[in-house]
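Both complexes below contain chain A, partnered by chain B and then by chain C.
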Partner chain A sequence: MKEQKHCIHKLRCLLLLPLLSTLLSGCWDDRELSELGIASGSAYDWEDNQWKATYQIINPSSGASGMGGGGGGSSSSPPFLTFAVKGKTIIEAIQRTNLTSVRELFTSHSRISILGESVARRGVNQIIDLFLRKQDARDTVYVFIAKGNAGRILDQLMQLTKNQGAGIQLMIEQESKLLSYYPSVRMFELAMALSSESGSAVIPEIRLTGKDIMDETSETGRTDLPSRLVLGRLAVLKGEKMVGWLSQKQAFGLTFITSKIKMANISFATHPQTSDKIDGSFILQKSATTVHPIWAKDHFIMDVNIKGSGVITEIGSAMDLNDRASISQMEKSIENHVLELIENSWQTVKQLNADVTGFAVKIHRSDRKRWKQIKKDKSWDTVFQQIEIRPHVSIKIERMGLSNKSFKSIEQD
Partner chain B sequence: MKKKQQAERKKESDPEEKSIPAPLQLNASLEANLQEISKRIGQSSDVVFRRFTNESLSSLSLAFIYIDGLVNSEIINRNLLQPLMETFTLKSDSIATEAAFSMIKDQMLPVGGVKEGQTVESLLGLLFEGYTLILFDGIQRALAADTAGWEKRSINEPTSQGVIRGPKEGFTESMRTGTSMLRRRLKTSDLRIEEYKIGQRTQTGIALVYLNGLASESVLAEIRRRLNSINTDSILESNYIEEFIQDGGLTPFPTMQNTERPDAIAGGILEGQVGIIIDGTPFALLAPSTFFNFFQSSEDYYQRYDISSFLRLIRYSAFFVSMLLPALYIAVTTFHQEMLPTTLLISLAAQREGVPLPALAEALLMELTFDVLREAGVRMPRTIGPAISIVGALVLGQAAVQAGLVSAAMVIVVSFTAISNFVIPSLAIANSIRLIRFAMMLIAASLGLFGIMSSLIVLLIHMAGLRSFGVPYLSPMAPMTPRYLKDIFIRVPLWDMTTRPMTNLGKETRRQASNQKPKPQEDQQQQQNQQGGNSS
Partner chain C sequence: MNGKIGTSQAAMLVVTTILPTAIVVLPEIIGTYAEQDSPLAIMMATLLGVGIAALIGTIIRYNNGVPFLDWIGARSSPLLATLLGLLLLQFYLDTSATILREFVNFVKDTVLLNTPITVMTTLILVITIYMVRQGIECIARVNSLVILLFLFFIPLYTFGLAGEMNVHRLLPIFDHSLSTITLASLTPTSWMSEVAILLFLAPYLKSPQKARLIGYMGLLFVFLMMMFSMITTMMVFGPQYLKLTAYPGFSTVGIIQIGRFVENLDILFISYWVLAIYLKFSIFLFATVECFKQTFRVKSSRPFIGALGLVIALECLFTWSDPAKLNIYNKEGRFLVFILFNVLLPLAVLLLTGLHQAKNKRKGCET
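== the complex of A and B ==
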């Protein structure tokens, strides 16, 4: 009996041993914070038949948090450091950072990814695959395109924020929320757009306003930097390759077609009959676009319906807002303005022959049979060229602000 | 088979039991008895022997034995010595010793409790409780008069469990005072007080207090059985009893509550629990107790239900914070940095820049420092107490950070953990998570969040398996009894608490009438009319 009990006791101890050994296996992937190089952004270029990856590493002791720890690091040290490495594959380039960096590259907190035009022209598939595959890569990073060397952009210091990657993220988020010129594009959205029926995508461009790069901390002490980061044009990708640019205005028109307007400002002529002078501002607060494909014997007609409403914020001409007619006149003018934007944008998109409008998706959803045929014939490009759009815009002015007459009419009285 | 073995083992390993002699009957000779008693007691200076003869009772020889300090000498002088030493005239000239004994017992002792004893052991037991022994020459029996009266601490405010609103009296070291306080609160004939004497050398009085009909019979039987099977020589504090009778000897979780507050005991008894008051300590016990009992404070019922419910939730979160916060900090900063907001990560990284220790060592160092300080604060003489808090604040706070030993964030983590630990009303469970916290930190440092999650699951399984005197430890959550949830995570208004929140302990679960929500008079009448209409 006693021995049996003893045996059970021993057996229990034996069973506990493997449990304890699980603890040993645990520590293999632990990393102390001081061993991490926290990347806030990355850029990819294609140079000399090699990938060039540039990383922006946050320098924690620069006081990026506002409070320094015990260790050294003066406030004059830069808030982040960048370095570029080259490799035959992107991962090879990343791994080579360990040749030069003190810390292990940690990309989970990366906010932006900038592609050089060279990469975009060559194809972005490999980069997208990397972001979808690698464990610590985040496919929620915002994607940008830079003309020329993308790595340079990461060197630029920003004001009001020390973490440049997060600053650019804020910039695009604010822009797409308040201005709606460009859509904000995240890596997974890019992947989704490229793999959709349209096979095309857009990426906003980021560029410097000046020639010089502000990359010294002493230089950011100025109030008006000679060179700062700004969103530029919209790059159009077809397949995996970049095929051209849309200007700001064309990009704005595209946002209307793709129904990505959150809030927008439209400048218009208040008296379109008498003068083309742009002297009014309208803030579009709500806008929805519906697109209906209609088969017209030999080609598709896209019925684009835009409904929007908003507030008048600025009137430069004489105007009496008590008069219903003048309001509808302004509404008409805004509508025409939007129509013009859409038309302009559509012409360019057609020229580039890249379906960034997402028409293919609409057709697939509404007319499956014909889509199957198109896919079989691989004739989408020609079908797309023949598409005719019929935009209808209806804008409603909901409020006119605090004054019933424009100041000009008050003055004239 | 097993039982037999246990019994055998008990016999082998218990030399103590054999040495206790069989009870010794009193001798007829007073001289022999006194000799035996003084031999048993030894030359203790506080035992008073007083011999005298009373001429009136045919020169009967008597002896008083009492212990100075345990008796009220005024009672002895006035109620024992005076009537027995007085000369008086008997109806007959001589009286038989036997008759004198019964006369003294029945007529001459103006004292409340008079007991008769026949063995030396029983008399000695009474002697140590403050009785005065009266031995007679020629009789094999003796009398013991209750003359107990010793210095007691007066009733004070409980020091360990203060309240803002509520009764301010606490138990004292006297068991009798304790039972009297409960009697005053529960004026019902159902209140039962059973007394035990446990501990061969201390003979500590233990009172089992419960409400007949409310406390579960099976629980009572179990408690009685366990109390009776205690075989030890000393019980000095309630924890002795607690450790001897509580379930799950190796669990970190307490399965009995302890409190200094008579209102808390009364509240528990009213919910079907059994109170155990132990002589010599102001801390009484309550059993059976579930996990959730430890988060209930008697003040919950002395203030509005909304704030009480809020405080309950705060206590549960404090429980988790106190158990997990350092572990989470370690796990997140060494394994799951991607889970932090970027700005927080950068600021943490900045703080850790100059710190020489890994996060685990840093956390262990700070936690241990805090425990040292806490222990020092408890042991320190009260006058030096403030010095500790200053040293603590300086060492834990500013200095350690400035010296670059630890990061500022870690100081916040440790302080918040410590403060959270004090939010939990029961010290018993607060202490248990103090230990679990260290295990959690080690696991977090090796397995990260995965480790924390798995150990939480293990803890949960362990708790689900625990029982307190037959009651599942996690009831009424597991097994779930929705009806009893009214006093677990929140406290519903008193008028809505129609059933007792304790689980299926007792038979009588309804404690008050329903429909007692206060309403304006018209509404009440209307409702009554309606009800009347329905019933007719």
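== the complex of A and C ==
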């Protein structure tokens, strides 16, 4: 009897085994690595009333050794390939890559996304929606704007790195960490800025220094490429549309206002009373900005307080750094330089009438009632035009580097 | 198979009953109404939840862990108990079906885009039926281990997002009227009312007298986790962006980047969430089976688990096939249904019992 029961139990287990195949339900979504075209970057243009999407696909068989990274594979084969396709919608364009590529497009590892100026002027909402909605699209990609055709940028090979998408990511991360002309902008940050009270955002420009595109692996064997990728100006978006550009200098001023300085180099005149000659460098290591909106009867005054500190790295004039007066003089010169940057930036931002300063957010946080009224009247544009800024800059030179006197003063002695 | 469970184990079951779906569904619903005042809405919902926990705890103290419907039958009439049982059975079947659908929808949206829903539903159901057959003690033990995993995930989450958080994004506080915050707190209150599941877990509690404490402990943990999730998500994305994403909690995880080697962590957190939602579904399936057992006074519920599971699966597949319908139910209908079955019904039972007792006492005094 016991044996019979045991047999029935075994038979049941055997019959249940096929049911285990249901555990393989993931098979509907299986993807073989060898069948995927892993995108490291994408670019979007608007051409002939259609979307043009360009995808940069990593070439696993590449061994282009002149560009750093590991070897292996064919050295004549480029490290990535680009596919440009057109469609009435972005997804239609993406799907059409399957007409030309042997691998299924996989965008989860994409690092950058470049928007053509044509797209930015038309509106970026559809692109943002795609990145927030599509399952394998990452909203952490870094966003750039290119004047003219954005797809061209993706064709350019880089030295020192095989993966151009990751290379551009490093460039912008390095820029925002060491230079702070403008902050890096990821797709979700763009969406956050455009959906905030300010309704405006900025995107850095990426361009080529020359006319030619270095898209052959043999061309990267040179020490100085005639055409390189470089970060340029800062595009300003209002609503979903691009309304203008800020120069690097203006963008730098904006970064001070929005408190996004991580580290920066400021070149200044060491003897501003006697000469306008820019002959000193100061590395700003710490900087914080506080903005307090003050209602002055009929308009807002933005009290912008900037406090920073850093180290002197270069002096081209005769100077004794043990003398407190010399240091104060330099601090004043740096402060004036920052004030100039801010004023210059503010005037341009005001002209563009796009609140990339985030003042609307500050006013909402500090003066809820007035903000509700502004929102009700839909009068933010007018209020923004009437805003007056009062910047106060306080810079402290904390260290002088490894020398207490400038070399010029030793020479004069 | 069904051994007794301790107080802390039961409190952790309450946490799993509420938290897994709450953390996915609620931020968007609360954020849409209350924006940066969302934490206030969660506080309000928790206070109401504590009241519900007190009510449920009081009933369990009265009946001292006797099965809920048997107790009603003994106190009033078996017919009333059966009628209430049928209503509650319908409620638990519906709730389990919506949990299963939320689970399937989430997995479909985020991971398994092409896998047929029927296959996923069947697979989840088969695994959950197996879990329920092992008994509540086994579920409670596994649940405690899963909750302990928070010790790994919370520091990783906090550390990974530290650089992205900005406390000013929580401002201005009290920007919304009390009515808006109350409106935002209705849906989370319906989630908090799920503490009423203790009514069907009571026969398996080692100390039914501590039912109130179990409810309070569970809700306190849920409150802390909801606040943590809501505040960190708002500090990262701000209140406006929060409204744009269907699963804000997982979007937050998606931006974690530690060095150049730890990124795209959302899949790790989704795996953990799947563990938790399996447990939540199993607790509800257990309560459904228990309700069925008490309503129809069957000795062993094991043969019926599969059949009840089938009903849940069919409801999940056909009643809730439209995600918009489920969203509207969660936003607007859920509160009424949950308050009716988790608050008003137990409250009515408690009041009737009180009246009955008072009557008996008076009779006793008269004789």
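List of remarks:
We take it that the second predicted complex is superposed on the first by the 382 of 413 C-alpha atoms of A that agree within 3 Å, B and C clash if a C-alpha of one lies under 4 Å from a C-alpha of the other, contacts with A are read in each partner's own complex, and residues count from 1 in each chain.
Criterion: a residue touches a chain if its C-beta (ideal position, glycine included) is under 8 Å from a C-beta of that chain, and two chains touch if they have at least 3 such contacts.
Keep in mind it's a predicted model, so treat the numbers as computed, not measured.
With both structures placed on the common chain, the touch criterion links A:Ile58 to chain B but leaves chain C unconnected.
Shared-chain residue A:Thr140: touches chain C; no touch with chain B. When the shared chain is aligned, no partner comes close enough to touch A:Thr274: not chain B, not chain C.
In the superposition on chain A, A:Thr100 makes contact with neither chain B nor chain C.
Within the superposed three-chain arrangement, the count of touched residues of chain A is higher for B, of the candidates chain B and chain C. In the superposed pair of complexes, A:Leu132 makes contact with chain C only, with no contact to chain B. Of the two partner chains, chain B and chain C are each touched by A:Ser108.
In the superposition on chain A, contact of A:Asp29 is made with both chain B and chain C.
Within the superposed three-chain model, A:Met192 lies in touch with chain C and out of touch with chain B [touch as defined at top]. When both complexes are aligned on chain A by C-alpha atoms, chain A residues 22-23, 26-27, 29, 108, 138 touch chain B in the first and chain C in the second.
Chain A makes touch with chain B in their complex at residues 1-2, 22-24, 26-27, 29-34, 36, 38, 40, 58, 60-61, 63-73, 106, 108-109, 111, 136, 138, 163, 166. Partner chain C is touched in their complex by these residues of chain A: 19, 22-23, 25-29, 108, 132, 135, 138-140, 186, 188, 191-192, 195-197, 364-366, 368. Of all residues in chain C, only 109-116, 119-120, 122-123, 126, 168, 171-172, 175, 237-238, 240-241, 244-245, 251, 254-255, 257, 263-264 touch chain A in the complex they form. Interface residues of chain B facing chain A in the complex, by the touch rule stated above, are 1, 5, 333-335, 337-338, 342-343, 345-355, 358-359, 401-405, 407-408, 442-443, 445-448, 451.
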